[in-house]
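By letter and in written order, the chains are A, B, C, D, E and F; residue numbering begins at 1 in each of them.
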């Protein structure tokens, strides 16, 4: 059930059964020579939709812009300052909390969001302190960080899975948008690895945007496998969160 | 050309031909008994896609969350504080400006965004002051505020077009998402009108969320007519903006 | 009754009869070759005083600094960042609300203030949400936007009324400050018109600061007529607001 | 020369002779049973006008709202949060600095402004750091803190001069606004003294708003004497500042 | 009793006896050719420890970074923006207030902190307004501003005590850290005096960082005398504050 | 070399040899029944001192207050809002950067700081973007997250090492402050484990503040072993950072 395609009365009805909500969050940033700039938003959006096919749940509009400061040396990357993203997350949770939602499950597609989003959670918890009658609890689920995904990625690609513009995320985005599959030859096949500091340094170390990956290996078929695994893993995690999260 | 489905190299190529970009912006708020919570984001997104079929242009991901404070007494409404929305707009424009974009054309679906978005434009202009070598210019196009749209709406619905959850916007959203058309009976047929102050007052005056409209009249067919008119009007306005905006 | 010339006990007495207050707001910005930099503050201050002669009402000190970013290419213009002006309005309303005031009637002299001030109203409404026992309601009355004023201006000056440094506002400021009337010859007689973007662009398009007007036509006598019309129109609007605004 | 009554071309001419500007700053707060809520704004405004009669100088519009948190338990007091006032001062100085002003002379009427205004100066200095080609320098002149004023006050009133709603400031405001002189009997004649903490504590300790003063002694005649002394002292201090301030 | 060396249960026990706490605050800034960059933090920390030997009191960790904008032209100086320092003070007081502390006694070592810290107090008082059940009260004690200290300094050094990098503060820091005593010859013996504006101006007027002092006179023995006097004076002031501050 | 015990000329001399600096950062929060509230600040401070004995390096004053929102249900915990901590880190780095420092090595003692501090790094990188002539690079070293430490902890305590108020950190703080060793009996011996959400939930799940640990096992002797391992590991990491970090 997409919030964007519902009416307010339908949301009221939903709240009679559940006070949990799923919020996909991604970024708008370069993903190497054949990866889509929207990859990190596309993957969690698609996974959320898959979860909703298995159980009744409400999905908020995807937060398409994330914290991508370190990718700013590549055209098309858009970054929110971390402080802006923090406020966006606070405002969304606060608004929904007023309507009675209590469990906020963010499906994240981008590592750079982790620090600001968990920071926002702390600010949110601070704001409700001393109001014990209105508990709420937030969780950030990074879809690519679970055993099923990492095991399959290692099995299929070994070290060529990489760290940014990974094969698995490019594959999943291709599954979601087969019309946007790109054939690009890459030099070198597998991208270099290294520490991430500021944007200019990033571009110098990783000139085509990839870190450690060979996303030329990505296929729609593999993408579907990652998708299925992510849906299963997160659906279970969501059920657990709804029933065992903090009250 | 959707930014989310492009690679960074494709954006670089685009920048060789044009430094303009289209950014749809909407809201996540109640739209009465049969209107979609995502109406204000759905309409500009769909219009932008239509414009891109007529001329090569780049479309940024839709800003799905807007300033909807006055709708907060209805379940499912999510509002960014105005100050948050201002920062979101600043960050998006600033990021793209660094890559060389100069003309930022926002297609807006929600009246409540006008004040914060134009406020953001002033902040952006202030920030570039004294850097004459990097001009930029921003425009907010409210899709429903042009002669073609208002004439057709008056012709089709007279006063029942209304001011919030209007027939035209519900129709356009139904054209974009025919799978989400809702049949709901409304009492009274045409909603009341009045001044808007704070959220509780809004709910008291407009108990089902509509202002002055009878969106039961909305059809997919009408929606397509509004869509075509909006695409034509904004495409021309965009061309004018790109070639005559401030340098 | 001017707040600045009252004692706190007199304010307590006033609160026994009325919880409404009038707050003039203007700007400090260029108004062309013969218009005063304080025009936008002078007009609402004078109108407010006129209203107070007709009915008992309390007038707060004028907010003399507004959002004038687009005029910054002309010497003497002072602008608050929009975010600053938003906070000023929030703080003033919040302070008065604590003393029991509930109806805040801003008389505005400057178009550039509309976006930030209405944005401030949204922030204020958000802050009181959930505290139904302390209602408040805010209104921004732009003195030049009412039928009486626009009709007279068209009658007297036709298109030469213009959009910035208009004949009517210069005339009204001359009525308020006849000692400051300036005789300046203008080239061309009627200033050009066009879209407003950033400050440098403004100066290039409108080199002497006027938009579409011929303020050489302004006289003290005309100013008095505009003044009388504005006082009548806003006094009625204020009475309506006090008795019919949101509770 | 009042900025509000000048045109932008007149400001340009002024800048050819001087890059100094005088900015009166006050507050809107209770001043005891017979003191005006606008006292702290009225005094520096009047003194600035007096200085301008002796030498050519430009006076910006008075900042009428100050930091008056500790007076908030008395009706009619309006306070800007300190952080708001800081931004107001920054924005005013920054705007004028762009036009070429370099010496900013604030005449202050209110002790509570000292901390936020000097804080703003530090923020301003931090912002220009590393731009040695655009020096600027700010000074806060508290009109009541100079030997001439304190000597006369002690001579006339002894200890009854007090610390808030002092006889000298009430007298000076009466000189500026003789139409607003109030006759109020006070109990006790001389108000108590003590430490200032939060607003509720202030009201408890100083129930009618005065600290240590007997402003029933204030007369228009005394007010004129204080006015003359303040004009002389600050005019000299301003000349010294303009010629010896930091470059 | 140092908070940093206590457990949370020990703090609970302490709160059973007292709700006062001492918070040393200093800076990290140049103190001339032989003064320590940490002088302003070292002095109040050492004094607080001395006070704790005389009476049971809890000492929070020292705030080592202060507002030192005007010293930024000297290597090693670190400044918090005033707005940052304000937030630090607010957060510390707010946190402790939640645990039941009511009297916050800051021992300050740096004049530049006075404006931002007292500004923070106003923000704190504003935040608790209307919550009379949770009173709190804050005090800033500048250790060097009391009769005992100034009398001894004048007696020992006359005018050579100075205004920054004073002999007394250097002496007290040497008493606290005899291992860090520095022998440096100074030219001229006694530093110049003057007004403080921005950082570059400061360096030009006071090229080695001192204002008006000859800290070559500082000795560990003198430092101990200042230390004893400060401990006595502030211990008494603290006792008075705890029992007579606002409720 | 402690910055606090140096003069500004000594810092200038240091900058001739190295532009790196070490900044310990901790927190002020409960650490269970026998752990010190200052544990997270004490450990990195002590480790930094140890590193300085092996190689010449400059140590800034410890940031003693961190982000400890989730510990706020225990007396004595002080938290900076994440947004405040972000600004503190930005201001410190920015100040030092102006003096010529380029490599900022934070030694962190507290997991809750990771999100805000890395967020601050992103904001810092964003601010320098486009100023390639002034590179800088930041690194956050969490002392307890390296193979040597985790291996020894597992060897000595197995699972009783835990996740908060761990045996290793309590031991290291005891080594640094043997005078503060506490003997407290704990029930149960090993604390429970679980997910961390808001502060009230934390206290309910972990009633004495520990997570998964048995810090009764901590000894000064073990503390010294952890200290030596941490000093060795971080000294090497620092050398690598200084010579291989981004330029």
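Quick note on the criterion: a contact is a pair of C-beta atoms (placed from the backbone, for glycine too) under 8 Å apart; a residue touches a chain by one contact, two chains touch by 3 or more.
What you see is a predicted model; the values in this text were computed from it and never measured.
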Topological distance between subunit A and subunit D, in contact steps:
3
Supply the minimal count of touching-chain steps required to go from subunit B to subunit E.
3
Half is the threshold here, strictly exceeded: which of B-C, D-E or A-B has more than half of its contact pairs identical to E-F by residue number?
A-B
Centre-of-Cα separation between subunit D and subunit B, whole angstrom:
47
Distance between the CA centroids of subunit C and subunit D (whole Å) is 25
Would you mind pulling out the distance in Å between where the CA atoms of subunit A average out and where those of subunit F do?
29
Overlap residues in subunit E, where contacts from two or more other chains coincide
72, 79, 81, 83, 98, 129
May I ask you to sort the chain touch graph into line, ring, star, complete or other?
ring
Ring order from subunit B, via subunit C next?
B, C, D, E, F, A
In the complex, subunit B residues that touch subunit A
2-12, 15, 28, 30-38, 41-42, 60-65, 72, 74-81, 83-84, 87-88, 91-92, 95-96, 98-100, 177, 179-180, 182, 184, 209
Would you tell me which residues of subunit B are touching subunit C in their complex?
67, 69-70, 72, 79, 81-83, 86, 112, 114-116, 118-119, 122-123, 125-126, 128-129, 132, 135-138, 195, 197-201, 245-247
